[in-house]
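This is the structure, below, for whatever I ask next.
Naming follows writing order (A, B, C and D), and every chain is counted from residue 1.
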């Protein structure tokens, strides 16, 4: 009785809804964000969801070309590296202006980069090695490094790399914080889109920058509603209220997508890895070998990622470095069982950083796999930030399952973030000086093949010593309405980073 | 009112519910032996719909859902009982002391109870688990931190009510030993109200635990807890409905049984 | 009355202090690192230390608590780590949506509770009614919410399943779109706001309705057997008149108390429902704050929700004493004399 | 109203058309699924202006009859009714609900038994009496029932009023409709003697003045005879005697009537022997007494809240002596008893008690005085703990106590809820005397129960105290009971003892107006006219 009455009410309202809902213009792209954008400040914001928007509003000197790790010019038309490998000279593109009409010049670049370098902002460390930024003429910027860093150009091309902000912003909104509070929710860059709406919790909107120096974007407007729940995103995509789910669409459902949807997948630098604590049963080579046999990703990768991942070949992402000798896992499960039986009961606690679905699935699978060889494993979701303070903590879990996702497509980013003794994310504080030496040596080399060989060698040393285990490189998987093309996905960018400037409906 | 009397007064549906509560407890205790498959192992292809060989189908990685739901009953029911049990013991002791002695003891204890009662418990439980880190023990701690106050209030009010009743006054006036006075003339009178509150509370505890799971603050991945199982497979609702729906149905069943049993206690107390 | 309000106000402050202390005490024992959340995953140690110092996180907890209290007294809840805005400003921004949803849910919940109670009275002892209500009351809220979205919006298209408004760029003085739409004499906006409001409010309202409805039903059942109801029947009042004029008021106390309890539970449900319905309220803000260890925000929202809860409970106490003049607001502790 | 013409011929046999005619009425109610006959072939009539008393012991079906006449038998009990009830020529049996409501609204009104729970506690008196529109009329009626400040009362909530005031409100509410028939269902049981007399007077005056007939339901034959023109005696659902008051008093026909009469006591009853409630009786043996004081209160005062409840009371009781304290409710007599028991500490004055066994108390309501979830035997045996008795010895003492109060030993395992009121009374006494105290304290033990039970209780207490040599402090509002049980009587008013002395002498020559009023308020076996 109640439902009947309600259905009548609902029916009446439905009719009204149809009347009131405005027809969608074709030039609007609607992509959901799972999380609010905390800040739109390119020098402060590092949230994965926000990067697409920030990178389409602001531009840096160089960028990764779509679909590759090759670096091409963006605001800089070309650049030269000095013979000392310390000075970089960038020649700016002509005829570029900011959204507020101010023309781009070297001074603007210098001002923005100085803000990044000295502003004590979240991403200031990007320019930690820079000693000087100067405008040698209005169209030329010279950056001087403190020591040799061949990876520097990758730093500039990173999704989080330094961007150029309109000098007018600093003139009008500098305040005492380098305009940080104004730039939280406002933006003036040179990109193909301008930020027109910033409503935390509700959504954001970008408008096409018709004065853009490059190819004119197809879409007139980009709407980024905040839709925190994945199920809701999926339903809205299927109902045609969204044009894409950029990240997290359940792989198991990709095979059965409705005819109106399709998948764009591309290789990505999202590598799932395991870090191990010293002093566990895994220190025993036989146990370690048995555990490796059980958690061999070849046994389960398809169950979680379907066709949208590949086995990691080394501790560096496949898209960053193609090793001569990929890491290998033992495959004799019977031997593994015997090894565990011989060793006696083994219990392992697997820590995961958060209850992200993919972590949970992999952890679950590893528990199931380990159970087959007689190892009892349990999973703990670590409290917020706990993974960063595990060094020397006896109560820390025996292994940590995490995603390694470096700032840039350069092996140095990976090694110096996760593996070396002083690496910020060397979770268990382990130290292998011989391998560190190789990484340092490689960091100064410009010959890519020789450099990669050294990195690979160091990687094998970390792996063999039991520090870290590479598992799977997950693809970037975007599910979207049929006909959306040229998404501009880049392997070195975070997952789901659609380039709104290139995306378009196929004719 | 005695338990004897109480059981006599319950109707057969409610009597059945009381029995069912005991059955669920037994089921929870015996789950590991009843499960046809090892709930941790991958025993079949993933996403099998319910069938004769796998009554509730299989999950995302090919584990038997029936076995996992059985384990889930254990992982949901026993912690809920523990939370309620511990809170009830702690709360009723405090309530008893507060109600029996009255005066400033009552004042102090009631102010403390008030404080815990007025704090929005779910909110603080969320904050506590968010900060302590998700996990069964932390969740239970976070819940118990508040739950006792509820029972302390019930016990205290009930004791105040009984103490004011003529039969208690009469018993006290005969001059019998205070311990006997409390244990035989007071406590049995408080128990039914506590029992009613406790059975009805199972629902709240189970639902709050599932809510924590949905917000990513529940038990970590392989743990078979019904709320977590539902929450984690929510995005499969349209494609593989049984993954979220069956554990949720198990929650409903548990809550239903507990609720009916609570109703049974309540109506027999009122002497319907 | 004034003395009562004053006393409750003092109580409110005490509770808020206790709550603030509780969350602060937790902060002392957690390994979570807001500095890391601010500085980013890959930030070097020196940057981290700088951020810690800037946030005052290196000071001992009591010092931080004292400083925090000092600021709170001045209306400063600190700066959110995630949004980098003053927490108070954030709360002001997100509160209206939650308020709208919560109030609508309470309204719908109370109305449904009345309906349930009447059905309960009409079919006393009906197993079907009871089982339906209990089942509805024991469904995890996120499943209820998603099923509503799936069937009512996705399948049937009757009501929108996400967001607050189809119109963009509308805003009014109260922040409650439905009311603002009416104030601005924009029936289209008000209607649109109402359509968006109905489903999430229903999801939040359902557990409230079941709990309060069952309590009201039981309470009415008891009250309608009291001697004074017989007196009123003896005066020639019909069942309905006796129920409306005399039964309801006398039966109100227990369901009102249950409503108070449910408001406490509602905050958790708001977080879930706001997340599923992409409803930009404080619950959503809170959920997102969890993910980034945004303690100032978590603390701020807890205080905000806590205050609302206490105020709501004061309201309920007043409603109780309004319904039954014997329940003094003084909550007298003196035993009944002679 | 539709059946108006139906039974004219039968009614013509009466002098005037009766306001109420009950014919062959049988009612069966079901409890816990079992149907039982509550009324059997009841027939009687009430003429206009007439006052008829419906008298019966508890369980005789008199209240069910009252409900049946309003058409308000509880629906849960699935009433089965046969026969006929005509109110002012309208047939109630089988009438539709709206018709019944119309009858209740204008023809039949009821003054319910319990004034405490008979009013909606959440609404002001004025509102629930008449709604907003007729408030002035309501106030006028309140004034007519003898309420001194009707405007204030109309604005008040029930819990602000005394029991007597509430009963008057209920009378006013009923009379507001100027009903043809007023049913008063034991309207004075819960009231003080003085108030009871006033309320009865009000009832009679108002119905006479308005010309309403009055059906007065009571267990108290004395009240009935002091008020009514005719009496209908009901026993076990059947009418056993019907007739004018005078004739019935002179020559009671039915055994039930005779039993009711025998249990009745008043200021003329013989206090040297037990009341003849249970057949013929022999004179009391002399009590064992000596001059030692088992209780001595000197200058005792107690303040509760802002009110001084007990004021400068001196009272002493010698061993084996019986003292009755009489007073209206609120006079402070219960507090005095609690002070004597040591349950309450006085603010001033001294209390001296003799004997190592603490005084035992018998409370007003015997059912409420027993812990509901413990068996009667266990509760009585509670007092035998800690005396160093072995199990056999304990059983023997328990058996003795049960025998002494006249309870079969088979009831030891029973819960209080399974006992009748009379049995509970005996169980309470058994608990008090299983270890005999030097002093027994009784708090209105006979006031909340039927007259025959009250008589039995008085007899039992009288017997036990003499046999066990206990001194007795007996608190009551009924000066007739006080005279029967007490060697001496102390009269309390507003917390102070205003008068005390030998029982007979005090009643024969009251020194104060208050005592005189108490004496005068006791209904006697004669019609008031």
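What we mean here is this: contacts are C-beta pairs under 8 Å (C-beta built on N, C-alpha and C of every residue); 3 or more make two chains touch, one makes a residue touch a chain.
None of these values were measured; they are calculated from a predicted model.
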B-D compared against C-D, more contacting pairs: C-D
Euclidean distance of C-alpha centroids - subunit B vs subunit D, Å: 47
Inter-centroid spacing, subunit D versus subunit C (mean Cα positions, whole Å): 51
Distance from subunit C to subunit A - Cα centre to Cα centre, in angstrom: 37
Centroid distance [mean C-alpha coordinates] between subunit C and subunit B, Å: 23
Interface hub residues of subunit D, defined as touching at least two other chains: none
For subunit A, residues that touch 2 or more chains besides their own: 231, 235, 354, 383-384, 386
Of all residues in subunit C, the ones touching two or more other chains: 30, 32, 146, 150, 275, 287, 290-291
Contacting chain pairs - touch in the sense defined above: A-B, A-C, B-C, B-D, C-D
Residue ranges of subunit D in contact with subunit B within the complex: 341, 343, 358, 360-361, 363-365, 368-374, 378-379, 382-383, 385-386, 415, 417, 428, 431-432
Subunit C contact footprint on subunit B (complex, rising order): 13, 106-107, 114-115, 118-128, 130-133, 164, 203-204, 206-208, 210-211, 214-217, 227, 230-231, 234, 237-238, 244-245, 248, 251-252, 254-256, 259-260, 263, 266, 270
Of subunit C, residues touching subunit B in the complex: 11, 14-15, 18-19, 22-23, 26-27, 29-30, 32, 127, 130-131, 134-135, 137-143, 146-147, 150, 207, 218, 222, 264-265, 267-269, 271-272, 275, 286-287, 290-291, 298, 302, 305-306, 309-310, 313, 333, 335-336
Subunit B contact footprint on subunit A (complex, rising order): 230-231, 234-235, 250, 252-253, 256, 300, 303-304, 352, 354-355, 357, 359-361, 363-365, 367-368, 371-372, 378-384, 386
In the complex with subunit C, residue positions of subunit A that touch it: 2, 7, 10-11, 13-14, 16-18, 20-22, 35-36, 38-39, 44, 46, 120, 122-125, 128, 180-181, 184, 197, 199-202, 205, 225-229, 231-232, 235-236, 238-239, 241, 354, 383-386, 388-389, 406-407, 417, 424-425
